[in-house]
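By written order: A, B, C and D. Residues from 1 in each chain.
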């Protein structure tokens, strides 16, 4: 079970809702993925419209917990304001702090992320900050009380997978709250790798919505995350420089 | 469906039977893996004993196809002799040519592998040669008539995963017969990666039998191979140098 | 020329002075390296002793600029205190901010590094902060006025080389001050790689002092940094998925 | 000293002569590189013309040993024929066996390479076969009597660098003749890496001739190969998972 704040989930996949070819494909991908947590940018919500936000119109809202993010915020104050809008919408079980510090790389601003996390925790939110893989920064976020840490594997939407497994491992080893690898996952093996490093979950969007067949990729990701988690629990073999026969050498006499 | 010669399989995992902690664990791991093809070294078979070979004593022999290997052979003639022993045992649906050319690395001998493949094909075997990832060698094996090509990911039992994905990709692209990645797979993400490159299957042994919990790892590998295959079919996103937002930039006005 | 604050250097190698087998080897390695900047931990200086600090006793102090570091500091205030001690010693042309936030990984504390950098700049020091490869953090350090940015390639003394070339590249591209890759360099090719990414310099210690032959390794590093710089300036070929013949195909008729 | 057959060289760089912007740049690059061995495709030679082959017109032929290659050969017989043409031209001190088995990847044909090597050795040539990094194949070439082994780092002209350092290391460890890494080198750090793995030399062409500034890149490569060789001899530090301070922890009291 993945426990974040007061929530418990069977699935360790947190899925984004953006950039699908259409809402039917989105709906199918979400269902096939068996995710229990949907994430989206608050700025995409049609807040002042009485009807459901368009981009969730096909989604059965009763079945999911929502993790809106503060994308668009340039500093902590904006992030808090966005979080409150999300909260007012009723679709905010948890909040993902996303304060981008660089438009080209979409990498997060460590200082504003720390501040936003602190401010939102004081407001009583369940707070999951998206962060770089800076190991000490991750610990500071946890010390503030963040309910999970979400280090990026590589830049958002880049599909480059896990560039620095060492930092992720350090972050995972030091953490007492869940570590959710967020951003950069490109394919199922990336997701499995994150889980094998000991991550508690994976958040992804583009890898599914941007695949040629998003529904099939959603299923692939579901299985990969299960596979990676089981692999982590099962305890993989060590890496050896040289080879090791899988059969004992004795008994060879039969062929001589 | 994975088609090798006249055989068809739902599972794309070929599983070894060596070095499990005990036969009960082996049996459970084999079952959980849902493999349909078991592989083993002929030299481990208790050929001249009327009773079942010990290391398969817990296995329901009706449920599997058998892919014995010629490990121990130093040249083509020895490989053929070992294959005939396997055939005589009744547990030989297909034969894996394994002619090791270096005791330290357990890497295969390209010349003797070619010769053994040719000789065994002439004898009417369904032949799957274990080979290095030499791209031209792989094509020569296919031109001889090999029923599948089995390039190694890294040295046998090393758990180093796929060192040269480029060569594997070239081998897969040029092949009209199945390509089964064999040797070196260490963890589920390695297996998923092989499948995402377009491999038709994965053969592994130590990664499961040597895991702390072989049964759980067998399940992990089953899922990883399914995930990787689905991911391949689903068409992954490209890798981008820079980031790409998963939400459109418009709509941000709501928060300003 | 490498320009840091008011200083100019022909050499792009900044060399540490710690952990050599003895002071003679240290002296030789320093000379062979042709470095113009020596770095050391202030806490190793024998401050209250009227004679020269032992670990520099063989060094001709007139020939170098000194970049003491604040290792041992747990926060900005301690870093400032250490820097002032260094300054008082007369061996402090520039100061390397090193505020470690994790004893196991020796990775830096981003918040205290920012604060220390700001405080030391106000005191008039030429400040070079050692930082993680967090891209936005690096820009904030530059915005404060840091005279150079020193992102780590991998943990101090680990010899793991450059784990995340993408982040280093982003840091280099956005910087208007020199970027010196610091920590983790293990071998000459690591140093060359840093320079090829566009780094302005490399700081290293253990890779030289811990080599079997530190003097020879010092020479290797000198050459590698020159090679990497020239390679950067020369503009390397692109990476191609497939092969490209180095000879034109025409003219082949002569052999047919 | 690099010893190949009866030849001895100070330089460990073997340089190709193809695809330079013009012959003046080629001449300068060759000189700056300090190479002593020039390589070229025989099919580019203007054999039946009484005047010097055009592409070497600016080269002082007295200063170099020549290593023509058999590019264009599809089998051993063609390779031998090409080698004899080279020999007749007077510009053939050693012969590089290059029998390509795949036009898309330009990867070598292992069987024809073995045959060509054997036939050319019988003819009395000093023979350097270009081969894949198949470890057992490399040993067979040496057992035939090849004067050096030239495994590719990655496909010709791809600039992908060393994809499989493990196989190169195995080839180097088992060899009693020089191992020259050939093909795929893209930048100085690739060349340094090859040398640090223990290679005896590096052969490259496109990485220099295709650089924006070939002359500067030639110098970079010269330095990188020297750096890598010195690094290999100097004995690099081991890679550690965690960090190791470069200064001893004692002595810290001064700052407290």
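FYI, a residue touches a chain if its C-beta (ideal position, glycine included) is under 8 Å from a C-beta of that chain, and two chains touch if they have at least 3 such contacts.
What you see is a predicted model, and the numbers here were worked out from it, not measured in a lab.
**Student:** Which chain's centre, taken as the mean of its Cα atoms, is farthest from the centre of subunit C?
**Tutor:** Most remote chain from subunit C, centroid-wise, comes out as B.
**Student:** Could you put a whole-Å number on the gap between the CA centroids of subunit A and subunit C?
**Tutor:** 34
**Student:** Roughly how far is subunit B from subunit C, going centre to centre by Cα mean, in whole Å?
**Tutor:** Centre-to-centre distance between subunit B and subunit C: 45 Å.
**Student:** Mark out which residues of subunit C touch at least two other chains, giving numbers and ranges.
**Tutor:** Only 104-105, 107, 155, 160, 166, 241 qualify.
**Student:** Name the touching chain pairs, please: which are they?
**Tutor:** A-B, A-C, B-D, C-D
**Student:** For subunit A, which residues count as touching subunit C in their complex?
**Tutor:** Contact set of subunit A toward subunit C: 101-102, 104-105, 107-111, 114, 132, 134-137, 139-140, 154-155, 160, 163-164, 166-167, 170, 174.
**Student:** Residues of subunit B touching subunit A in their complex?
**Tutor:** It comes out as residues 16, 18-19, 40-45, 47-48, 71-73, 78, 81-82, 85, 104-107, 155-160, 186-190, 192-193, 196, 205-207, 209-214, 216-217, 219-224, 226-228, 230-231, 233-248, 251-255.
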